[in-house]
C-alpha cells in the first residue's frame, strides 16, 4: 500500500496561497523570472505560439480525412497503420507520434476523450478547445456519450454503436468521419474544406454541402 | 418519465440555483447575516430558536454523554451485553437517543479489533452521544483516507496499531450511527464510573485514539 | 450521483491536521447557520435526504473550497430559490421584497429540545422478508444514478459479507426526490481492504458500509 499522504511533500500547498489568483499576473511574473534566470528564451515562446497559431491546426487532419475519402488504398493504410500513413504527410510530431484512426460508419460512431487530463492529437488538430479539457466533457463522455452528443446537437439512432476512446496513454486518436452525401464530384481540396475539427473529435458529423439558392 | 429521468430533471433544476454564488460575496459572515435577516423578515426563522439550538449543542449535548455510556459498559457487564445486542435500547436507557442518533450500534474495541467511524459521503455523526463533529471529521482528507488507509490515518493521530490488529472502518452511509466503545485502560480498576467517564475522550469514541489512564 | 462528495478512496486531499482543543464554532456565523438549519422553515416535504442531495449538487469547485457550514448556507439558499420561497434579489439583499407577508409558523425555542429528542427516526415497518442473511456474500451493484444515492463508488461491483440487518429504513434514493419513503431492508456489509483496493492492501482490515437491498445482489 502506498505510504500515507502525510508522508508526501505537498508541492502545491504553499505557492498558491502566496500569489495572486489572477493568472495573467502570475504568468507574466513567472515569464519574467524564468527569463532573468535564463530558463526560457522569450523568442522560443513566441515561436511555439506561432507554430500553433499558424502552422499546426485542424486543416492537417482534414487533409488526411479527405485523402482517405478519395483514395481507398490510402484509407486502408490509414486504418491499419495510421502512424505510417500520416507520416507521408509529414504531420507527425509533438503529441502525435502514435496515431490510431477510427472510422465512423452508419453502424458505429466514435468519440475521443481524455478523462484523466487533456490528451489530444495536436499534430493533426492543433491545440484542443477548452471544452475538451474541462470537467464536464471529461466526466460525461464515458458515462453518457449520447447525452454529450445531444448537447452538441447530434442525435444518433439507437441502433448505432457508440465507441468512446479514452486517451489514457500516448496513442492519439483521430476520427475518420463519414463522407457526406452529394460530394461525389468534389475535389480533395473541396472535401478537406468541409471537414471540421469537431467531426474529427467525434462530436459532430461532416455536413453535406449547402445547396446553392435557386 | 422513468424514475431515473425524474431524478435527473429534479437535480438539474436544483443545481441551477447554485450559480447564484458568482453574484454573492465570498465572505460567509456577510452572507449568513443577510440570510438570517431575510428569514427573520419572512418569518421563516425565529432568532431565539437559533439561539436555543446553539445553546443545546454548546451546553446540553456533547461527548460527556457517550463517555457515560462507555464507562457504564466498562463497569457493568450486563449493560455491556445489552449495549452490544441492542445499542439503541441500551443508550435509550440513559435517555441519550435523539436526532442523528436514533438507530445506534456500539462497536467494541479489543486487543484484536479496532473500530473506526467515518462518513465518506458527507459528515454523519452520532450527535446525541458525541455532540457536533470536529472539522477534521467532516473534511476531505479524513473522508477520503479513512476507508483507504486507516492505519495511515491513525498514525496521523499518533496511534500505531500492531499488524495483527484487524481494523474495521464503518462508513455511515445510512441513518445508523456508530459509537466506538474503546478499550478500558490498564490501572483503572479502582476508579469509579464517574472517574472512568472523565477519561473517555471524544476521539476514542470515533476510533482515532485510545483512552489513556 | 457520481459527485465530488463521494470521497472514499480519493488521493490528493492532504493531511487530516486535527486542531487541538477545537472550538465548537470557528466564527459566530457558523453558530447562526447551524441554528438556522435546525430551526428554519424549509419547503413542504423537504427531508434530510433531499438536504444531502442539494448539498451534493454544489459545484465541485465550491464544494471543495468552501467550509462545512458554508455548505449549509449554500444548500439552504438553493432550497429556498428552487422552491420559490425566496428570490435571488432577496438572498442578495438580505431583505424580503416589499409587501411580503411574514409567516408566523417558524419553530419556537420551546420546541427545540423535543425536536432534538424525537426527530430523525428512519426505521419503517416493512412487509417483504429480507433477501439477504447475515453471513451471506453479496455484491454491491454497479449502479450510477444521476440522482441521490448512498452507495459509494468505492464499493460498487465489490463483494462483501452481510454483518448486520437493520430492518426497513427509508430509502434516500426515492425520498430525496420527494418520490416517497419506499423503505427497504438495510444491511451493513463488510468488504475486505483487498477486495476494495487490490492485492497490495491490508490482508486483514475491512471497510463496512450500510447498504439498502436494492444496492445489492447475491454473489
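Which chain is which? They are A, B and C, in the order written, and residues in each are numbered from 1.
Going forward, a contact is a pair of C-beta atoms (placed from the backbone, for glycine too) under 8 Å apart; a residue touches a chain by one contact, two chains touch by 3 or more.
Quick caveat, the model's predicted, so the values are computed rather than measured.
When the interfaces A-C and B-C are ranked by how many C-beta pairs touch across them, B-C comes first.
Compare each chain's C-alpha centroid with the centroid of every protein C-alpha atom shown, and the nearest one belongs to C. Between chain A and chain B, the centres computed from C-alpha atoms are 47 Å apart. Chain A and chain C have centres, each the mean of its CA atoms, that are 39 Å apart. Measuring from the averaged C-alpha position of chain B to that of chain C gives a distance of 13 Å. Multi-chain contact residues of chain C, defined as those touching 2 or more other chains: 11, 13-16, 197, 202. Within chain B, the positions touching two or more other chains are listed as 141, 145, 151, 153, 156. Residue numbers of chain A whose C-beta contacts span two or more other chains: 1, 5-6. Within the complex formed with chain B, the chain C residues making contact are 1, 5-11, 13-19, 22, 24, 26-29, 31-36, 38-41, 52-55, 57-59, 62, 64, 66-70, 73-74, 76-79, 81-82, 85-86, 88, 90-96, 100, 102-109, 111-113, 115-123, 145-148, 150-152, 154, 164, 166, 169-170, 172-174, 176-179, 186, 188, 190, 196-197, 202, 204-212.
If you check the complex, the residues on chain C that touch chain A are 2, 11-16, 60, 144, 197, 200-202.
Residue ranges on chain A touching chain C, taken from their complex, read 1, 5-6, 10, 13, 135, 139, 143. The part of chain B that touches chain C in the complex is made up of residues 3-4, 6-8, 10-11, 13-15, 17-21, 23-24, 28-29, 31-39, 41-46, 48-54, 56-58, 60-61, 97-103, 105, 120-123, 128, 131-132, 134-136, 138-148, 150-151, 153, 156-157, 163-176, 208.
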